[in-house]
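Structures are listed in the sections that come next.
The following pair of complexes shares a single chain, subunit A, combined with subunit B in the former and subunit C in the latter.
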Partner chain A sequence: MIEQILVTPYNEELLEKLKQKTLVVKTDDQDKIQLIHRGVSKHNKLHAIQLNSPIALSSITFKKEWKNIPLCVYSSEFGGFKNLIPKLDILNKLNIRIFLSSDLKENFTGIRILSSLGIACGLFFGDRPIDWESLNDLMHHAIYSQTNHAPIEPFSYVASNYDTSEYIDYNFVYFNNATRYLHLNEKEQIALCYEDLINRNFISTGVESIESIIHKQEYEYHINSRYDVMLSMNECAFCPAFRICLGKFSEEDDKQNGCQVFFSDFLDAAEHFYKRKNNTGNKLWQL
Partner chain B sequence: MEDSDSDFLSWDNLIYIADFHEISNERHIALLGGEPTLHPNFVEFVSYLIARNFHVHVFTSGILTDEKLKEACKFLSEMSIEKLSFTCNLNHPDISTTTELDKIDKFLNTFGHLTTPGINLFALDFDISYILKAINIYNLKPHIRVGLAHPIPGEANSTISIEDLPRLAKQFLSFARDLSRLKITFGFDCGMPLCIFSDEQLGVLYKSSNGKLSFKCGPAIDIGPDMMLWSCFPLSNFHKKSIFDFNSLQEVKSFYDEIHTKIRSESGGIFENCNDCIHRDAGLCKGGCIAHLINNVNNEVPTTPKEVNL
Partner chain C sequence: MAVVIFKAIEKCNSNCIYCDVIKKHQDKIMDYDLLKLIFIRMNEYLLDNHDKNITFTWHGGEVCLLGAEYFKIALDIQNEFCPTTKSRIKHQVQSNLTIINQEIINVFKELGINQIGTSFEPIPKIRGFGIKRDSKAYNHKFMEGIRLLAKNEIRWGVIYVVHKKSLEIPLEIFYYLTNLNINSSPNFNQIKTFGDYKHNLGITGEEFADFLGVIFPVWFKNIDRYPNIQPFARLMRNVRDKEMSLLCETSGECNYEWLYIGPEGQTSQCGRSGDYNVLSYGNLNDYTFEQILNNNNRDLLTDRQSVLPKTDCIDCRFWGICHGGCPLDAYMVNHDFKHKSPSCDALKIFMEKYFEPVTGLYADFMPVKQTISKINIQ
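Showing the complex of A and B:
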């Protein structure tokens, strides 16, 4: 069984109780990154520090001291490239993935810039309606571009891990799949996904209950909830791209011109990548 | 990060162009205009391309607003010439305003070490002594890029007539001694015909140019902000194609090479004896700028009723 990783806010008291666990520690304060790293590294395995930046990416002061820290930065806005220019040298040396919100059109360009400069990056889905065309353009660039560029998530994850016989959940990229990640807050309330944590839909309370969560029926229901759209005969049930979307946009109004087009193209791209990866030339007959 | 006016090259298009160059194994990108420094993202674009390991060459008048120069100085003045270089076409001080001269002075004081001076010859009574002085004052690269103003077919622009080209050659040779004395080399830009110089003059030029004389004319490949391509500035209205029609710069170059070859198969060069010229056959000279040939065809008397434009 794969050990579950706990996604937790930075709280020294809470961390004291999570010794020996593998952690993703969240903070919105860039000045605490080194402190968190020092604190967590003593008794835990640090999977990553997630900085939810309240300021634009280009305004963050990236430090060379972050060099060996697994970092994941979420920012709603790319900001001005001019501000980023003096930081590119440092950024290229960090163990970092940068995620920008889909809410701003400029962020799509920002991701292309970062990727072309060799900085691993990705898009996270914001609150505003998704610009499916821009998303599709970015996906095509991420998967088909022949130039050297850093991975763009979640496209790179799906392309690299896609298997024709399996469903794939790109939420792993966002530490948001209960088979690997559990989310908890400072009150030790535990949820199976980030949305449940925000909506106070907890599966249990108390650090000591973590081990037993996977044996709970609610856990199993949650893991299998992807099939709900099938049972409800939602439009998603008939979508060929369900295997890589898993009904995440089942609430979309105009699926046929939006998510279905995008995810069908995304599936084609994933299959193309899969075939290329697995095609090692003509197979020789076996001796 | 904003894409401002749609008349300017956008960020997305810049990234595409950079990718296109990378796929084509081309690590050199030249930015020209109009005046490229007028682009609101000029400094950002140059910095971005350099960060992608391209060598960036900027063709500029050197006339920048104080604000733009300050910004360029902050981000670009420490760059090495292996990453960034400029060609600054210097007009004679007599035809420049005081404000222009002041701005060029500031630009060259900041970026002189990265700059090659250039002159565009569009009149016979030209002088280059002010460029020789500028090289000394601003520590410019001791090399002058000598361009010839070519006609733009269908447009009226200042050029030197074909008949006057030998006089231009003579005028240029009058500076050869100074160039040698000051150890300043020069290079001809495209479209200079070989035969406007005598053998003796060519010998002098050979030494002054460090043996790098060129009498070529071929596709330079320009890309517009709208992602349309054309062969070179004089042919900016001819055979425009979208960059998206091609997979590499090599394909683009082949396309325009073919067009050049077709045009030159009709008429070898700008002079009548170009057709029989052994130096053109040997590839030493292309026979002058192709824009002259197109102009000649356009100015021919129509021979069939079909060609008469009413």
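Showing the complex of A and C:
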């Protein structure tokens, strides 16, 4: 069994109890990154530090001291490209993935720029309605484009991990799948996903309870929640692309012209990539 | 290989609208003495036929109504009475999964069962519990069942019965079933509506062909995504690859291999002939497996295979992949086995209207021309 990674806020008292565990540590303060790295590295394996930046990406002061730190930056906006240019040299040397919100149309362009510059990046889904067409364009660029570019998530993850005989959950990209990640807060309350943590829907309390979580029925129901979609008989259950979406946009109003079109194209793209990788496409005659 | 369709129980906890077994209102459960005799008979047969195996399919009714204890006793009997032949008995199960539990699964595993055949229906009020056919409660229990199978790493596959209401939403049904189980593709069968059928769910062969015809181009375009949808994958293997893979009903070779055993030891050709009370081969209390598998009544089916190529199927280029279809279907319509099955129309229309135009392949399996090296009956 793969050891579960704990997604946790930075709290020294809490870290003391999480010795030997692999961690994703969240912070919204860029000035604490080195401190967290030093603190966590003593007794834990650091999977990544997740910086939830309250400022635009271009306003973040990237430091060369972050060079060996696995970093994941979430920002709601790209900001001014001019401001980012002087930081590109450092950015290219960092072990970093940058995620921008789907809420701003400019971010779609920002992600293309970052990717073209060789910086691993991606989109995270914000609160506003999704511009499915722009998302589709970005996905096509991420998977089909032959020009050199860094991976764009979650497209790259799905394309790389797609298998015709497996459901695929791109939430791994966001540390949000309970088979690999558990979320906890400073009160040691543990949730199976980020949304449950926010909604105070905890599966257990106390660091010592972590090992037993996978044996709970709620855990089994959570990781197989696709059966609930099938049982509800909602539109997602009848969608051709369910296997890569798993009903994440079940609240969407116009699925047939929105998420269904996007995810169907996404599935085709993932399959195209899969065939290329496994060389199951047409074979060219030999010269 | 002999295929035993074993119905120790014909009672069911569900009230599926198209089921023929529940119409029999048979509450009997096979007693342990008779169960023992079956294994003794199988052992005799396997000792006398070293090149044969037996596929022993637990069928119903709903087999899980038997309870874990019944399967444990069957396992003990097998161990005691088939000590040297038990490895040649392959157990299979057909269940609606709504009352399966961990204890039953544990015995299934001991019997070597690692996959289960089932059925499912997303359209409400077709499969369900009680007079009102409560499909909501049924589906809930079914999902619990498949969660349990997933936990135990037991594979399962669905047979979907196509009926009048299915015709409205072929693609939705296709996507639903492939979403429900990504690892095992559904098998689409036409509803059988013989006799006093009152639910108005019957469909013609053409309607069934058109149902398949909506799904087929999607399947063909995404053949890697949905590798094993039936009957499509089988037809592709037959026509494109010339690797004959046929079901019992299309093989023309079910004659001496299939055997139904009912709760009181009554035997017949297969599960459906048992349901319809056609082709009785006597009672297991009175005859050995060898005698039952060579019962003279089976010659009627052999005769059919020599008659049809000269009569109903004389000019049919699909003969080699159909062989006149299921003899029981033919009997239920004509009261005579020496006719083609009404389901032949569905195959013919599907092949000509959809399969061949979409794939660009041409099927040529005329009675005199066919060259079949090997037939795998599934």
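The rule we apply is simple: the second predicted complex is superposed on the first by the 279 of 287 C-alpha atoms of A that agree within 3 Å, B and C clash if a C-alpha of one lies under 4 Å from a C-alpha of the other, contacts with A are read in each partner's own complex, and residues count from 1 in each chain.
In the analysis below, a residue touches a chain if its C-beta (ideal position, glycine included) is under 8 Å from a C-beta of that chain, and two chains touch if they have at least 3 such contacts.
Keep in mind the model is a prediction, meaning the values are calculated, not measured.
S.K.: Subunit B versus subunit C on the shared subunit A, clash or fit?
M.R.: fit
S.K.: Touch test for A:Leu287: subunit B only (first), subunit C only (second), both, or neither?
M.R.: neither
S.K.: Which partner does A:Glu220 contact after superposing on A: first (subunit B), second (subunit C), both, neither?
M.R.: The second partner, subunit C, only.
S.K.: Name the contact category of A:Lys275: first (subunit B only), second (subunit C only), both, or neither.
M.R.: second
S.K.: Using the touch definition from the top, say if A:Cys239 reaches subunit B (first), subunit C (second), both or neither.
M.R.: In the superposition, A:Cys239 contacts subunit C only.
S.K.: By the touch definition at the top of the document, which applies to A:Phe81: first (subunit B), second (subunit C), both, or neither?
M.R.: It touches subunit B, and subunit C stays clear.
S.K.: Contacts for A:Thr147 in the overlay, against subunit B (first) and subunit C (second): which applies, first, second, both or neither?
M.R.: first
S.K.: Would you check which partner chain A:Leu231 touches, where first means subunit B only, second means subunit C only, and both and neither mean what they say?
M.R.: In the superposed model, A:Leu231 contacts subunit C only, not subunit B.
S.K.: Kindly classify A:Tyr167 by the partners it touches after superposition: subunit B alone (first), subunit C alone (second), both, or neither?
M.R.: A:Tyr167: touches subunit C, not subunit B.
S.K.: In the overlaid three-chain picture, find the nearest pair of C-alpha atoms across subunit B and subunit C and give that distance in Å.
M.R.: Nearest C-alpha pair, subunit B versus subunit C: 26 Å apart.
S.K.: Once the complexes are superposed, what residues of subunit A are shared between the subunit B interface and the subunit C interface?
M.R.: Subunit A residues touching both partners: none found.
S.K.: Which bits of subunit A are touching subunit C when the two form their complex?
M.R.: Those in contact with subunit C are residues 164-167, 220-221, 224, 226-227, 230-231, 233, 237-240, 242-243, 267, 271, 275, 280.
S.K.: For the complex, give me every residue of subunit B touching subunit A.
M.R.: 1-3, 11-12, 15, 18-19, 22-23, 41, 43-44, 47-48, 51-52, 71, 75
S.K.: Enumerate the contact residues on subunit A facing subunit B in the complex.
M.R.: Going by the criterion above, the answer is residues 58, 78-82, 85, 88, 106, 109-110, 112-113, 116-117, 145-148.
S.K.: Under the touch definition given earlier, write down the residues of subunit C that touch subunit A in their complex.
M.R.: 122, 139-140, 143, 146-147, 150-151, 172, 175-176, 179-180, 182-183, 218, 222, 224-225, 227
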